[in-house]
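The next part holds the structures, each set out as structure tokens.
Each of the next two complexes has subunit A plus one more chain, namely subunit B in the first and subunit C in the second.
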Partner chain A sequence: MAARPSRPRLLLRHATLVAVSFVMLLPFYWVMKTAVTNENIYAYPPGIVPRDPHLFNFVDVWYLIPFPRYLLNSIVVSAIAVAGNVVLNAMAGYALTRQFPGRRAVLALFLSCMLIPFQATIIPAYLITAKMGLLNTYFGLAFPMLSTIICIFVFKAAFEAVPRSLIDAARLDGLSEWRIILRVLLPLSKPAIATNVILSFIWSWNNFLWPLLITRDPTMQTLPLGLARFLSYMEDTTGALYAFAVLVLAPSVLVFLMAQKEFIRGLTSGATKG
Partner chain B sequence: MSLRQVRKTYDAQEIVHGVDLEVADQEFVVLVGPSGCGKSTLLRMIAGLEEISGGEIAIGERTVNEVDPKDRDVAMVFQDYALYPHLTVFQNIAFSLQYRNVGKAEIARRVAEVAAILDIEPLLERKPRQLSGGQRQRVAMGRAIVREPKVFLFDEPLSNLDAKLRVQMRTEIKKLRERVRTTAIYVTHDQVEAMTLADRIVLMHNGQVEQIGTPEDVYDEPATLFVAGFVGTSAMNLIQGRIEGGAVIFGDGARLVLPPSRYDAHAGKAVTIGLRPEHLHWAKDGDPNPLVGVARVVEPLGSDTLVVFDVAGCELQARLPPRVVRHAGEAVRVAVAPESIHLFDPATERRL
Partner chain C sequence: MTREAGIATWLTSRWFIVPAVFSAVTLGWLAYVSAHDNGLIDGRVVDAKGDPVAGATVQLFERGFVTHEQRGRAVTDAEGRFRFTDNRSHSIQLEAEAPGLGRTDRRILRLWFAAQDAVLPEPLRFPTAP
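What follows is the complex of A and B.
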């Protein structure tokens, strides 16, 4: 632990943190404020305190469009994606910590795949999904997001940080490879799990292009698509639009808050010992 | 248990060169050697954690080369203890039993029994990070004992402890052996640990066995120069000399009489002479082989004093009673019994 900084430096540090937080939080506050009023965001002079706050915008969003349906779709798809990421990435990550012929080739393949943007592979992905008869299904919506290479590497790094002797001990204790992952490695890799949960949830939750491509049936659409549709047929959208944005954001924030402690440890692990 | 011509190769480089070893039932064998000599590798091959590149390992009557680690019925204590950090002490000890179809009540009974033997009952609900080094060490032992395996394997279990605790735990292991009589293979780089614990010592050097024998054997009759230098609290004096007329000559003319007719076949041969510092005793009149010299360095240790002195142009070290020599520059008069002189062939480095 470093020595406690002197008082003026501490003040300066806190002042900086407050200023940065302010810049980060202001747009968020603005969205919230607009959502509970009908003020035009371009209104001049801008007011900080909302005038006559009300919740009618939320009510509108809930009833004017099939919001609950979109919400359900988004939750189901994201849950499948999160489960897929945690399970598949942990398995792949463990495999990559072991020695096997062709390991380097696999690593090189994974790294090079990360260089290809999703947009470039979206047509073949669509064709494959269509061939499998998964268009307009929850599984099809989650399909390309079931595993993420970056998150595989997050697990690989976490597993490599577990002392080799623990795995040896587990092997002598009679655990199969599957049980070593489940009973020894995963309990010691909570930050990596949290990182996987948060990242895959956010990617899946915010995905727009893929659901747009593979859903014909409006009842299978997810929230981002709903938002786009909503935009196209609402007149004066300001307040309701922002209410919608708040409702879309809320679950992500919730997931993040639940997992944030482990998540931050995951991002900074390796920075310090112990 | 037996090893026959066991070898290990990494990337075309041989690390362990054909080790042969027979371990009797309930025997405590210590593998000792400098670090990097392949002790851990050999132990891990016995455990099944490392593939065997050549040769055969048998436990009991069964060849286990292709047997999974979990089915070899061996338990291992690791240098870093390898306790599962997310489990309590109880769960750590019980862990392996859960995967071996042992009932809940039976697990509780066996863990309690082991905890009593090791005196760790109050710690059962703690997590490993809440334990001191010595306590973790005990838990690691408990985890091995609870399995009641055919063979215990220890890989430098005491090397992470501080000196005082190490001595204490060494005694504990020795006591434990009286209660838990199981075949054990114990790896260490510390020759004192090896001498105190072993029924039999296996001395390894560069992936090869230099000597196998009881602690007395390897101390009294080191088979090679390496063993001579490795065993013993203070290193053996090694000096070049020549056999001539029932004696060895070294330096500028010093003479040590050898036991009668024992080395007659080697007359005239150049040899390496080995003298243990503790066998150079303060000379009384009439002692054979007196050596007179001048003290260079005097290191009092309390119970005795290490004296480095010059004799006949060679530097020797002697372990003498306290206060016979106090300062550098004083005269030193020591003698050595003919039976305590070790002779080695400088070319083959083997004992004559």
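What follows is the complex of A and C.
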């Protein structure tokens, strides 16, 4: 059993963590501060405490551009991406826990595909989406995000942590492979589900390049595109621009805060295996 | 775990409570907005001494992206009161003009939602008196 660290060492460790947290949170504080004031972020000396804070910049964002429409589009696209990731990645993750000819080759292919940036495959992705008639649709916006390799491996690791005897017992009881996933593996893999939900939500929510390529209609644009459009109108560093950034950021932060416990557990599941 | 216990666990989890509270607050806010979005703007116009100015023309300017555009006019009554009944904006400016008194400064009025009913907290004041 490891010895408990001494008090000075513990204090030093916590002081370091507080300092690192401060450095990491400072930009968020600055964005929040500018959002509730109209202070110029380049003003010198910078003010730490916001002067005359108000929330009217958020009202401006809501009405000056079709923010509710962008919000709805982002929510729908992210919901499709999250649903697709949970369902498809669970199926793929389970398949990779089974033994079949070429399994190692498939694993190697998946791992090597992770090295290819999306920008390199974006033209084929666009052509396939266009051939399927999905341009300018919600499903088309979510299409490349429906399954991600990292999340497949998260499910694979979680499923491999479930005792083999439990799956064998379920099979002996007559459960089909589908029901084994649904009734046995998924209820025991909540951290993996939370990890999939968070990662796919954040990736889909923040996605800029793909929606920029496949949306033709301004009413189909998502929040990151709206932010770029807003930036083109409001070229100065006004509070409204930062209020927009806060509104774009808030749902991702909320989803992460709600699922952070499972998320951390999901990322580390299987880490001590073997 | 029984079915009832499962439901109770779900109802007390943050995955239910946070969206439920958020939905309740949103619905409450929408109900408040729908009850107070008649576009009524009330106010008064006074001179430098604080006396009401009758017959002054008040202009309402609506905020666009970079400019404010004039959207309405109203004339004050004997008590210096005016009312706009069709404001659709969330951010407006008001300015009064009267013969012999000139113009008032433009007063910015920021609202919490578009077409919110509002009363100008301070009257529009001319810099001079007749």
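Following the convention adopted for this analysis, the second predicted complex is superposed on the first by the 262 of 274 C-alpha atoms of A that agree within 3 Å, B and C clash if a C-alpha of one lies under 4 Å from a C-alpha of the other, contacts with A are read in each partner's own complex, and residues count from 1 in each chain.
Heads up, the rule we're going with is that a residue touches a chain if its C-beta (ideal position, glycine included) is under 8 Å from a C-beta of that chain, and two chains touch if they have at least 3 such contacts.
Since we're looking at a predicted model, the values are computed, not measured.
J.: Between subunit B and subunit C, whom does A:D168 touch in the aligned arrangement: first, second, both, or neither?
T.: first
J.: On the A-aligned overlay, A:L64 touches which partner chain: subunit B = first, subunit C = second, or both, or neither?
T.: In the superposition, A:L64 contacts subunit C only.
J.: Should A:L254 be classified as contacting the first partner (subunit B), the second (subunit C), both, or neither?
T.: The answer is second: A:L254 touches subunit C but not subunit B.
J.: Among the partners subunit B and subunit C, which is in contact with a greater number of residues of subunit A?
T.: Larger number of subunit A residues touched: B.
J.: From the superposed pair, tell me which subunit A residues show up as contacts to subunit B and also as contacts to subunit C.
T.: Shared contact residues on subunit A (touching subunit B in one complex, subunit C in the other): none at all.
J.: What residues on subunit B touch subunit A, complex-wise?
T.: On the subunit B side, the touching residues are 44, 47-49, 69-70, 74-76, 78-80, 82, 84-86, 95-96, 99-100, 143.
J.: Would you tell me which residues of subunit A are touching subunit C in their complex?
T.: 54, 56, 59-60, 62-64, 233-234, 254, 258
J.: Of all residues in subunit A, which touch subunit B in the complex?
T.: Interface residues on the subunit A side: 163, 165-166, 168-175, 179, 184, 187-188.
J.: Enumerate the contact residues on subunit C facing subunit A in the complex.
T.: Per the stated touch rule, the residues are 14-15, 18, 63, 65-66, 89-91, 110-114.
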